[in-house]
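Below, chain A partners chain B and then partners chain C, in two separate complexes.
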Partner chain A sequence: MQDNNDIIPIGQMIFILMIAMVGAGILTLPRDLAEIVPYDHWIVLLAGGLVAIVGALIHGAIIRLKPRKQYFEILCDALTKPIAYIVGLTYVLYLVGFIGLLTRIFGEVIKVYLLTNTPLEVITISILAAAIYSARKGIEVLGRMMQFGFPSVVTTIVFIFALSFTRSDFANLLPVFEITPAEILKGTPTTILSFIGIEMILFFGVHLEQPKKATKAYIAVVAILLFYMLIVTATLAQFGPIQVKSLLWPTLDLFDTIELPGLFIENIQVVVMSLWVLTIFSTTAPMFLAATVMTESLTGSKDHAYLAAPFLPLVYLVSIIPENISKTYEIMNIYTRYVASAMIFVVPLIVLISLVIQKKLRREEKVNV
Partner chain B sequence: MSLWEKLFGKKNENQNIKLQETKVDKNLDKNLESIKNMLVDCDDIVYREFKIGTDESYRATLIYIDGMADKDLLNDYVLKNSMVSSRITPPNEKFIKKELSNILKDKTLTITEMKEVETIEQGVLDILSGDTVLILDNYEKLIIIASKGWDGRSISQPETESVIRGPREGFVESLRVNTALVRRRIRDHKLKLKGYKIGKRSQSDVCVMYIEDIVNQDALKELNKRLMAIDIDAIIDSGYIEQLIEDNWRSPFPQIQITERPDVASAALYEGKITIIVDNSPFVLIVPSTLNAMMQSAEDYYERWGIATFIRILRYIGAVISLYAPALYIAITSFHPQMLPSKLSMSIAANRAGVPFPSVIEAIIMEITLEILREAGIRLPGPIGATIGIVGGLVVGQAAVEAGIVGPIMVIIVAITAISSFAIPSYSMAIGLRLLRFLLIIISAILGLYGIMLGTIVILIHLCSLKSFGVPYLSPYTAYITQHTDLKDTFFKAPLPSMHNRDTTANKNQSKRMQDLRDEDFNKEE
Partner chain C sequence: MYKRKAIFLLLISFLLTGCWDKVEIEDRAHINAVGIDKYSSSAEDDKVADIDEQTKEAKEAKDTERNKYTFTFSFPDETKKEGADITIATVGDALYSVSRIMADRTNKEIFLGHLRTVIIDVDVAKDSKSFREILDGIENNELLSRRVVLAMTDDSAGDIIKVKPTMQPRVGQFIAELFRRRDRTPRAPSGSVGDILKDLHETGNALIPRITAGKTDVKVAGAGIISDYQFKGWLGEIETALLMLLKGETRILGGMRVDYKGYSIPIDMRPKKPKMSLIDDESNMKILIEIEAEADVKQTYFESKEDMLKAEVIKEVEELANREIKKRTEETIHKIQKEFGVDVIGVDRFLRQRHYSLWKSLEKDWRDIFPNIDIEVKMDVKIRRIGLIR
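Our next item is the complex of A and B:
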């Protein structure tokens, strides 16, 4: 009965990707956009989304070209073994760093909104422990879990935003179509980074039931792009670009303004925070799994379950490096701008080009023979 | 195999000693001797020696267990026939000498079920199962007469799964009665019954039933493998089998559905599932099973769909309340009072002002009291049990509030929790949720709402990792894209005319159950 283990349909993969992408970026996305351009934020977001879709297509194409292979094996094929080891290790370090920063931000948010007196360590370590538990169980469980949770998450989000729109002033979004191409180019890199998590398909592509359908991953990006559009529009319509710039977490402040007349819960924060915990969990859990899977290939080990727990101290160390929340965001910005773009766009692009050239060469050889 | 087992596990020792076999001898005395040797000091065994033939020259012995064999049957159709009737019309002397055994079997004994065995051990096992052994002189086989007949409970209404509408029959302790109850509902030659004898000492009869062409073949193979692997001295109840073959014994959730109702069992068979009937147990196991199946009641299918859907949603709400209510109360009162409307928050605080304990202690005291009450109510005989409920629930609750040990809202929360947990149809599921409730109470006392969310995530991971004989425990909720037809029978129960597909876990070739009749107009005049 265990022989069908670790195979997931593309639908579940899309669910994993979607929820993995909505990480810490969602809290600050409206502010980041407002800092870059004063109007037409959605065009900048759209541009970023388009780039992310291209990225998703590149990843999907790699999986299609090399079906049923671990990402490390693909790296070996494309870049030769020594380089593959270096790149693989970089991926692991990148993931560890990203999870670390993410959990730090998570801890700070929980500390502000839910548990004022609880030490940060308890919050970060407990969510990491849950992510490790999930990583030990493997991809199949993760896929089922994301699929199970998705409808309720979407319903709640739609409900919350429907409430928030009642008090919005859409004049805050004006003027439209005033943006220049130069401004779009300037803003795009920032927005792309809200789509971190899309690279998960590289690590999990080996588990796909039908690798031919891997390029469908772009659906996840499209859905998330629409979701971000909704958030950005709602937040900016509520506060206006100038006020958004001065808010630490504009998205969360948006929910603070919601009032539920006559409802049992006075404060919608309960619902939002539960969603927030779930979101961060579903971002860290796939990344944890990806890191363990990569380590498994690097060390040539057979069982990934035992490799998850040793990451806990590493991730925790990263999470305590920044002195405070603003330092965390500084590091996060630099980190995502350079490291993440390289790992998500540059490396896969090189891999894809190399694979395509190899394929061409092989075909020519056949023709020559 | 996990790393731990590789490093520290023991080698599997094969303890199966093959049964010793003694061939049946020609000499009656010798056979009797060896059976008596095996059954020494067994006072309930009856040996009835008698003689057959006009000149009483052929010796024979009947062996059975007093109380397990049907004595009327032995008197009227075995002893009377062979001792009296055979004398009235004496057969040919020469002929009888060689062919006595065949004459007995073919002409004399008016018994429906008979077989022959060649070893003493097999014969003894049959005696112990309630059958009767007939030993003949000069014959190298033992004749086994099916004479099982003991008093059992008659078919009555199932107590754990009562319904308003639906059949009132329930399974009983006798295996054959139970298989007949199911067979009566499935007049299909494709319904197969496969017998196992499990338990080295108890040799309990276990019967696996399935409909050959719609059963989930992978699950059937897996079940066979797991049943064969059981190595235990005795099976007392189907609960033993359940615990020995379930996928994850660490889990608080039941992974095998149990039922007392033949209609539920046969409906499961029609869905491609497998039922396991164990002798001496009125509870029948159904595999593979899912969380969804545990939340259903037989009645849902007999009532119309709107009502069934409404009741199912109520059950799910009940499950959620029974899991979360006390934990949420603790989290909100101790960590996040700002979540509630200020008036409610004030009233809770005012109520709790005199209570000396933190709310977690309050909750644990009340929950434990309630569990003790529930346990006491089950153990006591009917009328006294009801009294306990009133005394415990009303008097103790009221007194505790007045004495200022607990707040009144805590009493309300605990009462709602208890009532909600009774709304869950599966008793084992309700117990599982009860255990997890305590877990959530503790974690919510440490980490508040964040703790509850964390607990939920961990429970969800666990639920998603569970499988029952290859079927994911949360299906079809975790695979609603590929198995969207199964969604018609979840917390939403579709109208019966539109449920024309069988469960996707069943055999793919038999996915159609019925024609779509939705658009048929019965009132149309021809």
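Our next item is the complex of A and C:
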């Protein structure tokens, strides 16, 4: 096996995608769902998941059509060079914005639950510094890290959720099948936030060992969908849909209700918080890498490593823009509803259509010749 | 070389994120119980807790806008080995601000992360505004767990915090453990603040366990009914037990007695989760609650003439038990419906979960509808064992 060749198997890619998706959305997902509909939250989530799966398939198809090519090159092929520069730059800005908002939420949560006296700046900069460090090392390191870290994180989280079931009342999930199709349509965009990160495959597709398998990325969405189902079920069964609406971070409150048999740890939140630090790190790290890789192609430079650090002040700047936590979530909502949806679904769809048409035209030309 | 050192030092400052929050454990007062009383200026008022360590401020406090409540904290005294608690009282307008103001007068940082028990005075709960203030103070505090026990008292809350139980010197832990015991009788509802908050969020109604102080112990029995974020009245011990039976929040119901041919026969019941169903009687809505339970006969009568091994005797005892419990639960329901008019039985939740469209049409007027619906109880006690003597 060759070292440092920047080629990763699809398995590692799926791990990267999975853990990139479990970001800030996990904290608020149950509340967001409870706000849109009073019942049948899982159906809305399922609908959101299906949309994300379609997205993953679109992304996979793009990689399959243009294997071993940087996303920027694909954009050039599909949309002509000038537009590709604009779109590429938008992607970089989108990623910077998203990482910024994410780190802000991260900082706020850590400050409330863990480090009340530590300045927000120090919390955000520490996590950003770690993410940048890993972004400098490239995709291979990232892939191996996720492959190593993911199973342990997930087993622990699932175990903790299972503990919460001992005290929950599943009648809280009733009534079922009362939802109307209109409500599902209305609710689906809200769930998209939870699946942001799936677009990472576009940036990393060039590093795939077998680009033909790129469509397998949908496995990541399915796995995460199941994971979210578990979380939403656990949270709603514990608190009931009415109370969830008033909780700022219902998923974190859920851990508060857990009583470990024998009480060998009184506050399980410590464990949860450390897991959450890891999750946010593994969401921001691939995004950082994606942003640097994109900038690398935009500027036409040879190495991405030195491009990572300049993002820190930019991201930091975004993270301090919102005045307070409610503003943060307001911006986040608008961001995910419009910007993220466009960058994850609309742009790739246009790219794919353009690529398919080009391919057809070429084939016709060949036939004509 | 100099540069490297500088970078190294800079890095360390990031690696040590969290040192800002370092507190030595002995510098913290780990509060394990809080009592909240309505503050009243007249010191003669016997409601004010008589605390030896009563602080200067609590004594001199004026009856101003800010001095709404008397808070009594209890925390372990690390200087003593035998786990003695320190009790201090202070006045203020919110749990949070008080725990901050205390810093001016104690050499320790008040830390609520290990709080086990909150006792509130019934006067606080009688005023919906102050009750909601206190509740939000509990729910909104990131350090307070949802497993904290919340109980209500007729006496002064401070008096309860002051009790030094002989079995477990920490009163907060003592009360919390009372509620966690598995063989606890259902004479008081689960005191977990998470459950209470959930009920209040959903309907504005809840049951809060009642606690009374003894000299060296406390008693948890009965429940306070909260309606519309306000104290409505007390429910007796037995009534609470029967209500818990109806709600399916108990797995064991000891202390039931059946009068059989002049003997009093105690039986031990293990009820299953009751089944609620809606019988739509054109004109009048009817709710049927079916309760199945297994029971053991624990005692009869020495050298009694009745043979417990005979199937028909068992049958008769079963019948009696059924009739007795059914009668008493229906009395309880009647009391809840007519006297309090507060749906603490959970019919509203049942309708919302199982009959959503019907519930939507009733939701607005539920407060007026609830006292007039028919609730029927169907008991099915099956006696399984009769002890060692026939």
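What we mean here is this: the second predicted complex is superposed on the first by the 362 of 369 C-alpha atoms of A that agree within 3 Å, B and C clash if a C-alpha of one lies under 4 Å from a C-alpha of the other, contacts with A are read in each partner's own complex, and residues count from 1 in each chain.
Going forward, contacts are C-beta pairs under 8 Å (C-beta built on N, C-alpha and C of every residue); 3 or more make two chains touch, one makes a residue touch a chain.
Model, not experiment: these values are computed from the prediction.
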Which partner reaches more residues of chain A (counting touched residues only), chain B or chain C
B
So, does A:S126 touch the first partner chain B, the second partner chain C, both, or neither?
both
Going by the contact rule set out at the top, does A:D303 touch chain B (first), chain C (second), both, or neither?
first
In the overlaid three-chain picture, which partner chain does A:E178 touch, first (chain B) or second (chain C), both, or neither?
second
So, does A:D256 touch the first partner chain B, the second partner chain C, both, or neither?
second
Would you check which partner chain A:V277 touches, where first means chain B only, second means chain C only, and both and neither mean what they say?
first
Tell me the contact category for A:V112 with respect to chain B and chain C: first, second, both or neither.
second
Which partner chains sit in contact with A:F148 here, chain B, chain C, both or neither? Use first/second/both/neither.
first
Footprint overlap on chain A, comparing chain B with chain C
114-115, 118, 122-123, 126, 266-267
Quick one: which bits of chain C touch chain A in the complex? Just the residue numbers, please.
13-14, 17-18, 20-21, 113-114, 142, 145-147, 194, 197-198, 201-202, 349, 352-354, 356-357
Residues of chain A that touch chain B when the two form their complex
1, 4, 9, 11-12, 110, 114-115, 118, 122-123, 126-127, 130, 133-134, 137, 141-145, 147-149, 264-267, 269-270, 273-274, 277-278, 281, 303, 306
What residues on chain A touch chain C, complex-wise?
39, 112-119, 122-123, 125-126, 129, 171-172, 174-175, 178, 239-240, 242-243, 246, 253, 256-257, 259, 266-267
Which chain B residues qualify as touching chain A in the complex?
2-3, 218-219, 222, 335-336, 338-342, 447-451, 453-454, 457-458, 460-461, 464-465, 467, 469-470, 472, 474, 477-482
